[in-house]
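Following this line, the structures themselves.
Shared between the two complexes below is chain A, which has chain B as its partner in the first and chain C in the second.
Our next item is the complex of A and B:
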């Protein structure tokens, strides 16, 4: 009892100055983190190293992996499919992210107008987000089918049927738009929270200074919610670069889309690993993706100070 | 509403236009979000010969429940549903346990290497899933657990984000709470279990809802993990359904309804936790 009291007195010192650890607390600390640390070491840290190792081998999982140095990486450069994959991934990402941000910001701003029935709208927008991507794929495959309801509707206003998922020129755009549809609700809620945090005094002050709605949006609202825009863009890019589910399911009939038109890198990695049994090459592609995502994230993080409010 | 805007706005006319335009935009957006789901439900209740009827009919008449019995019995969706529920519950419970323990240690206990380890946790959030996919598949294969639910579940029993989320939450607790428990002779585990956890229900509910939704809908990892038919989850089973019933849309839509419905119900029950979970995921940035 006395020793605990003495320790309690010790607390008068700032915590960071206490150098000595309490032995039992240390043991408890390690015990507490042990379960999560072990799982994380085995299934998150180790893969980063072993993935790099696998990427230096030729391995079909039947025989032993054979070390081939950087061959997989140089193969990537000569692989005629890679430019196609890279372009599809970039197209998918840089179409879906801006569309998503613009639409969700617009809807969030509308929701922020002291609207009645806000929870009904919120629920509606959030349904696609909570739904499994496989089910979303099915629903849209049916809507977009050649004899589906969208072509019926277009036909009734005189537009001839479109092969939304079968035409190599259109398929990827269709999937990208479905992706926007699915994730809109997530960003709407992020933006709504950010908009609600904009202090009304700031807008009032701008109004007193004679600013109109456009001016208030440009000079008050936009800077105040710029951190949310940064967040949604970064998450959007990271997510889109790893896209798999919609592509896999919506172009199920011709794997990777008609004429490979919907193959994105996430899909090509899966295909190499689990269809062609090229583990080494797939791991190398995954590593290239990793590096690409890191560079993009870093660039955005660097660029933030030029446009994100509160970042010197 | 009108007098409110008169109070605050100098130009009620333009405000009204903005408001009307907002409603129009919101209703349009809501329709676009909901109509595909209604079309799914409607199709799932149609007899085969009415699926392609022109003009398309929104109200199925007669209502055909047969589609659901086909999916549940012939395609084993009942089994898939059970598998999914089992896997989801195990992972959710596992994550709550491992994340709250670690989160508490990182927030409240002092031990050497704590801060370095925590930065390591944060770093793992940056690793794309595809980078871990192949090595983890191989690890699970070495353990002889490919095509088992255990192999599927194992790598997911913790999440760095969950640890981070709970740590931030525990940091906000006043330390007097624990000091009192300590004086009463509680060890950290007792303090954690008796004092901290009961006070953390909202954040635990939020993490639970987030995890439940992610695991229920998860696709790529179960797809590569599970090869035998009876072990499939709903998402994987639904995906294989296209191969079997490629244009039987009423069957595919019935399968989709069964996959989506439990999560949507959960969403209605725990809407608050869902909304909170999104706002909190903003912390990632």
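Our next item is the complex of A and C:
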């Protein structure tokens, strides 16, 4: 008589390595995950692996792929457009992620109150996240136009109009800020949950020890929500490096922005694949991006023991 | 316990069934011969459902045809009528026809080719046809023409050269267009200026444009523009300098005469300030500006005729494209063709369709619907002007007259990428950050590399 709960669990090994399952449970388990697993394998893993294969070829979709080895990768290194693209992507990421985290944390703290109607505000902040990015792009293009509402409002207080999307020096910043606005709600949700998990006893104890609000925030709240901050930062970086939809929709004629100032790498990959018919080069760019994101993510993961509470 | 697990099983079965049902209902719609809902061009392969007509002849051959003609101009009924007329005239051939918007058409076509489910016939514009011809994706039209003894003299000759590559013909022209000068009669009347005519030189056009660029409410922002900038190759054609030299292997825009031509375009916005800038155009396209009486002169082709006719408070007409600063008169010659794909298993039937759709029968239907201009000479000369009688533009004949000085833009390998490089430099010049000559020198090496690239 082997009951799975009867044996005491050995706390030094993961639970799933200790329980004894009977055969039929195992088979049912695999059967249940089979549909999702098959979909994942066919529509996710297989394309990703073929992408690696494609990156070693030159293929314009009309004729058969031609094997050229690592030529695409060496072309990437000597392509004069790549440094510009890389800089744009890095700028985009390192502007949007900190802004996103800081603003959504601030807003989450403001929304973490038990006042009537707070759910209306929470919904309002989450709406942009679920809005179609095309709709968001169109509305912001209209607002940020030379003769759009923003310039009109600035004009009425005496500031001369700015070409938010036409000036190569600020076009990328404008699109980045729209992206921050769009994704605030998602992180607000995560931070709200994390904030509500901070035990009030800790805050009380800190107050007793003489801490003021700032002190409580710095020494109690922040460390307690640091796992959430790690999560949003990591996901933010991964997402921002792959940004495509807003940039694509907000650039004029899909040429990469005024003088390529808003071309980020996601956009350049699309251009090479679907406008220039260079599937191989686009795949190589995509893999380079993948490796870059992988390295950054690993770095963040390793660094977590230095600042994330509970992961030392 | 038993009842609970039974209801759980029932619910899971219901959920699974409903998912299956929804999957079945999105199955392929039969590409029927009426304007049905077209699925988004996402690479979905449409399996043709074989609808056999009641009295089917012994051997019915099926061909798959895709096209973008007439779709964006909202006169797609015309192309469907052509397919119906073809099937009536050829009961032994069944056409599975799909009409797509132009925007993602080429991506869809290439995806289908890559996936091995390419159609037999596809409509193609010049750039698409040239790229596919170079990659061997198109069947040799010369061979099919010779086998059939088809008479090519019914077409305007330069519409055939547009669709040849290396001396071989790859498509038959279904339509062509020339770019001329559209102008807003009301704005000219308001300013008391005579309408554009054949006496216009570049300088006269500039002078008139300056008079028609106005800040009507005195707020420092231009409300009305005199002239829109055309697509940049026009200014190269007008300079008389070829874009690529040495048999298409050398970038030639560093030639001073060519960059002077492009600089003249840039100066329209930066120096003479008669043309809207890129930022202005992002706020409102030149098309919308013209429709809202905010633009006096607009280089455009016959695809603007139907949409502009539909706008109520818009009085407009067309004039010949004035010469460029160097005195050469030139304009764009565009066109669309039908081609047979190399992997087609039904080349003869496909060719029959191409002949019908591009020849007098198809040309007539399309022309009467008002789509561009038919390349079949007799149809263009008789029908095109007839369909426009009594409607704007009054001088529609100008579209046909322009064929005497219209040229095609040279299409080389990697044209899109080269064109994007040139556009980016021109954008910089338009922002005042550099001269055109500097810009062309910046990219000279890259373009030459691309021309040599596989």
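We adopt the following convention: the second predicted complex is superposed on the first by the 271 of 312 C-alpha atoms of A that agree within 3 Å, B and C clash if a C-alpha of one lies under 4 Å from a C-alpha of the other, contacts with A are read in each partner's own complex, and residues count from 1 in each chain.
The rule is short, and it goes like this: a contact is a pair of C-beta atoms (placed from the backbone, for glycine too) under 8 Å apart; a residue touches a chain by one contact, two chains touch by 3 or more.
Computed from a predicted model, the values in this text were never measured in an experiment.
When the two structures are aligned on the shared chain, A:274 is found in touch with chain B and with chain C.
Within the superposed three-chain arrangement, the count of touched residues of chain A is higher for B, of the candidates chain B and chain C.
When the shared chain is aligned, chain B comes close enough to touch A:190, but chain C does not. Judged by the touch definition given at the top, the superposed model places A:296 against neither chain B nor chain C.
Comparing which residues of chain A touch chain B with which touch chain C, the overlap comprises 61, 141, 145, 147, 252, 274. Looking at the complex, you find that chain A touches chain C at residues 58, 60-63, 66, 80, 141, 145-148, 161, 163, 165-168, 252, 255-256, 258-260, 271, 274-278.
Residue ranges of chain B in contact with chain A, taken from their complex: 1, 4, 8, 10, 14, 18-19, 21-23, 25-26, 29-30, 32-34, 36-37, 39-40, 43, 52, 54-56, 97-99, 101-102, 104-106, 109-112, 114, 117, 120-121, 124, 126-139, 141, 154-155, 157-158, 160, 163, 179, 182-183, 187-189, 192, 213, 216-217, 219-220, 223-224, 234-236, 238-239, 242-243, 246-247, 249, 252-253, 255-256, 259-260, 263-264, 266-268, 271, 274-275, 278-279, 282, 284-285. By the touch rule above, chain C contacts chain A in their complex via residues 107, 110-111, 113-114, 131-132, 135-137, 221, 277-284, 414, 416-417, 420, 423-425, 427-428, 431, 433, 446, 454.
Here chain A touches chain B in the complex through residues 4, 8, 11, 18, 21-22, 24-26, 28-30, 32-33, 35-37, 39-40, 42-48, 50-51, 54, 61, 103, 106-107, 109-111, 113-116, 119-128, 130-135, 137-143, 145, 147, 149, 152, 181, 184-186, 189-190, 193, 204, 207, 213, 227-228, 230-231, 234-235, 238, 241-242, 244-245, 248-249, 252-253, 265-266, 269-270, 273-274, 279, 282-283, 286-287, 289-290, 293-294, 297, going by the rule given at the top.
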